[in-house]
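Two complexes come next, and they have one chain in common, subunit A, joined by subunit B in the first and subunit C in the second.
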Partner chain A sequence: MKKYLSFFRLRFTMGLQYRAAALAGIVTQFTWGFMEVMMFRAFYRSDASAFPMSFSATASYVWLQQAFLAFFMVWMMENEIFDSIINGNIAYELCRPINLYNMWFSRSMATRLSRAVLRCFPVLGVAFFVPSPYGLEPPADFFHFALFLVTLVLGFAVTVSFCMLIYFFTFFTVSPQGLRILFTSLVEFFAGAVIPLPFFPENIQRIMEALPFAAMQNVSLRIFSGSMNEVQMQKAVALQVFWLLVLTAAGKLLCRFAEKKVTIQGG
Partner chain B sequence: MKTIRKSFHLYLHYISINIRSMMQYKTSFFLSAMGQFLVSFNVFLGIFFMFRRFRTVEDFSYGEVLLCFSIVLLEFSLAEMFVRGFDAFSGIVRSGEFDRILVRPQNEILQVLGSRFELSRIGRMIQAIVMFVYGVANSHVNWNLSKAVTVIFMLIGGTAVFSALFLIYAALCFFTLEGLEFMNVFTDGAREFGKYPIGIYGKKMLLFTTFLVPYALIQYYPLLYLLGKRESVLYLFMPLFACLFLLPAFLLWKFGVRHYKSSGS
Partner chain C sequence: MITMEHVCKSYRIAKRNAGFLEACKALFHRQYETIHALNDVSFTIRDGEMVGYIGPNGAGKSSTIKILSGILTPDSGTVLVDGRIPYKNRRKHVQEIGVVFGQRSQLWWDVPVMDSFELLKDIYSIPKPLYRQNLEELTELLNLKELLRSPARQLSLGQRMRCEIAASLLHSPRILFLDEPTIGLDAVSKLAVREFILKRNKVHGTTVILTTHDMQDIEALSNRIILIGKGRILMDGTLEDIKRGNDNIDETIAELYRAYDI
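What follows is the complex of A and B.
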């Protein structure tokens, strides 16, 4: 456990170095959030009764999504891992007395966390002062906030464990391009990154909510803005735990299989 | 005249080299083309499901929004295909490659343009064309000559505006060496949010996109004419005014070239 923690710390401090990039990211995220809120406003003005959740809840959803982008965007994967699989550097990793899965897991978590830490506070801070209903509304009570934090961590872990599957699939396909493109666009759509899940028609939404992708950003962002009732929350958290276990188990299995079959590319 | 023809020939030659080299990696080409397709397909799905729930957005129907989305996507992918060389320009400056470009007896813009030609953007373009046909079928536009001309003007103007933005992005690299990530807001952001007519984002946004970065001139105003919401012929010619945006971009580029200090080794 200790070695993975130090891997984590190493990557985390490394990620914190990229402050100029983070500043540019903050500007981008803020503009994105602003435009998204304006877009929803236009739909709200056209037909308020068709809105599946309150407008301020939608705005909060958008702002949180922008603030925690680094937690949930599947396309932010570690290029170094892909490179090592392609160019054969993976051989060095395999020599080390460590578990590959755990190391990459802690490493991905650290990179994403460092990015999120640098970016989330300015975005959240500004969004908080945007006049209501366009800004970020605080959650209804402490219970919702606590549950938000718990589900945020769970969703983050589900996202990372899903990315791990893609890394290990690359062992078999060698070129990661196709897999990455396919999975990232798939996840974006089903996770509610294109439009929040409540905006989908009910029968489609019911299917989507059972998929692992809904266990990523959907749950925590909706709990924060209070657009889930108690039964829905219980179900959603249970599903999150379930998918985290399934995805991690699948990843570990795939890892063992890949390690046995590994072909080293390059010299 | 002769030099223009010669440059054009040279440019075609550059393109053919680029395509041939790309075709050495056919799978990679198809995958990236497919990726371009999928990414914009997600945007389409977003629009589709929003309109399952809402009938209209500020008086624009589903078909009308699709028309708007497809035209912007087409403008963007055209610009991206031809002017992509400027996108990788920070690399050219940092590696000192630009020194080599300067000593050759050819226009430097032409050489940068020729350094990259992204045929894989065809994925996005196919998507745009399919959406355009779908949008035309759904939007009940009374087509006549002036409407067809409007679409052509929109494509010309839009490609010009996006090219100008790529040019500005590259010109800024002379001063910063790094590509400035926030410029993506103006290019990718415009593509992403240009899917809806700009008018829906509010009055201030409309003012900004009319006078500062002329997106509205290539999207919102001519679209109103196209959909028969406005009659004035002035709206038809607005995309051509937008081409003037190339001028400040070009001046900034010239200014950058004059102040270029080699950084490479």
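What follows is the complex of A and C.
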């Protein structure tokens, strides 16, 4: 365990040293969040009752999503991992007494966490002071807040274990580009990154909520903004745990298979 | 002790001629060629031996090293390193070996070399006193003192290679695989690395297997030479066997390659 922790620590401190990237990220997240809130306002103006979530809940959803972008965006993958698979540097990782899956898992976690830590506070802070209903509304009570934190971590883990699948699929293709584009656009849509899931028609929504993608950002963001009732919350958390287990198991299996089949490219 | 018996490894390689038309053809009909990187390779290396593993480009040297270090699985044959099958109990196996791939880097690019070392300490679960002792010894012998605090990306190739070698030895491995360790080094660094490997072998009894194209490396380091070509072991003997009175080792080797048509 200690090896993975110290690896986590190294990646985390490494991530914290990229200041310019963090600053650029904060600016992007502000602009994007602001644009999205304005766009939703235009829709709500025409008929607010036609929407499943209140406008302030939607605004909170958007701001939280921007603040914790690094936790949930599948496109933020570790390029170094892809590079090492393509150019063969993975040879070195394979001659360490470590489990490749656990190592990459802790690495992805660390990178995402370091990015999120640098970016979330400014976004959360400012969004909190943006006047209602455009800003970030605090959750209804402490219970919702606590559950938000739990589901945030669960969703984060689901996202990372999904990315792990893509890393290991890369062992079997020449270039990771196709897989990345396919999966990232798919996930964006189904995870509620484009529009929140309640905005979809009900029958489609029911299917979408059972998929692993809904176990990523959807749950925690909606619990925070209070747009889930108790039964929904129970079901959502159970699904998160379920998908986390399934995705991790699948990833580990794939990892073992890939290790057996690996050829080191480039001599 | 290392034994390889009747080991074979082949790769399937997609081949086509150059040009647009050929590329279009390959869309529908792809031609594969099977390359036998290793074809019935057998040898035994005893503890504490220093073996030079030579052969022309593409002879199968790196494949052998990768099989011995547990990264690649052979198609057939048996491999035993100190009683372990490298690719079966990979994690246990790699704890006992050190590997340097001259063309790759194991140091983390953006952090000081020291950070990479500290991480390796945890990865290999090296006890603190042993780590301290090894680090001190390596720093002194490879003259790393000035380098440890700089990020790996700002080191020159030779400086980095010295750090790479140190990184592979922090956990006192019993066997050391060196895949072209002196590639791109200046004269001083080369000598330092050679001297260091010799010392390591003498003091710690480390088994060393070395692939290189630099015949002076071989001359300085190994008493035994294994020559491989087209995936087969062609010769297994001492430096004297190969030289046969000819003083220029490079010419002798080139002659040998020609004689074996590899």
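Note that in this section the second predicted complex is superposed on the first by the 267 of 267 C-alpha atoms of A that agree within 3 Å, B and C clash if a C-alpha of one lies under 4 Å from a C-alpha of the other, contacts with A are read in each partner's own complex, and residues count from 1 in each chain.
One rule holds for everything that comes next: a contact is a pair of C-beta atoms (placed from the backbone, for glycine too) under 8 Å apart; a residue touches a chain by one contact, two chains touch by 3 or more.
Given the structure is predicted, the values throughout are model-derived calculations rather than measurements.
After superposition onto subunit A, the modelled positions of subunit B and subunit C are compatible, with room for both. When both complexes are overlaid on chain A, the residue A:262 reaches subunit C alone and has no touch with subunit B. The partner that reaches more residues of subunit A, of the two candidates subunit B and subunit C, is B. Within the superposed three-chain model, A:102 lies out of touch with both subunit B and subunit C [touch as defined at top]. When the two structures are aligned on the shared chain, A:10 is found in touch with subunit C, with no touch to subunit B. Within the superposed three-chain model, A:2 lies in touch with subunit C and out of touch with subunit B [touch as defined at top]. Look at A:89: by the touch rule set out above, it reaches subunit C but stays clear of subunit B. Contacts of A:175 after superposition: subunit B is touched, whereas subunit C is not reached. Once both complexes are placed on a shared chain A, the shortest Cα to Cα gap between subunit B and subunit C comes to 8 Å. Residues of subunit B touching subunit A in their complex: 27-28, 31-32, 34-35, 38-39, 41-43, 45-46, 49-50, 52-58, 178, 180-182, 184-185, 189, 192-193, 196, 200-202, 205.
Residue ranges on subunit A touching subunit C, taken from their complex, read 2-3, 5-7, 10, 13-14, 17, 88-89, 91-92, 94-99, 259-260, 262-264, 266-267. Chain contact summary for the complex, subunit A toward subunit B: residues 20-21, 24-25, 27-28, 31-32, 35, 38-39, 41-43, 45-47, 50, 52, 175, 177-178, 181-182, 185, 188-189, 194-195, 199-201, 204. Looking at the complex, you find that subunit C touches subunit A at residues 11, 62, 66, 69-73, 87, 90-92, 94-95, 97, 99, 101, 103-106, 108, 110-111, 115, 118-119, 122-125.
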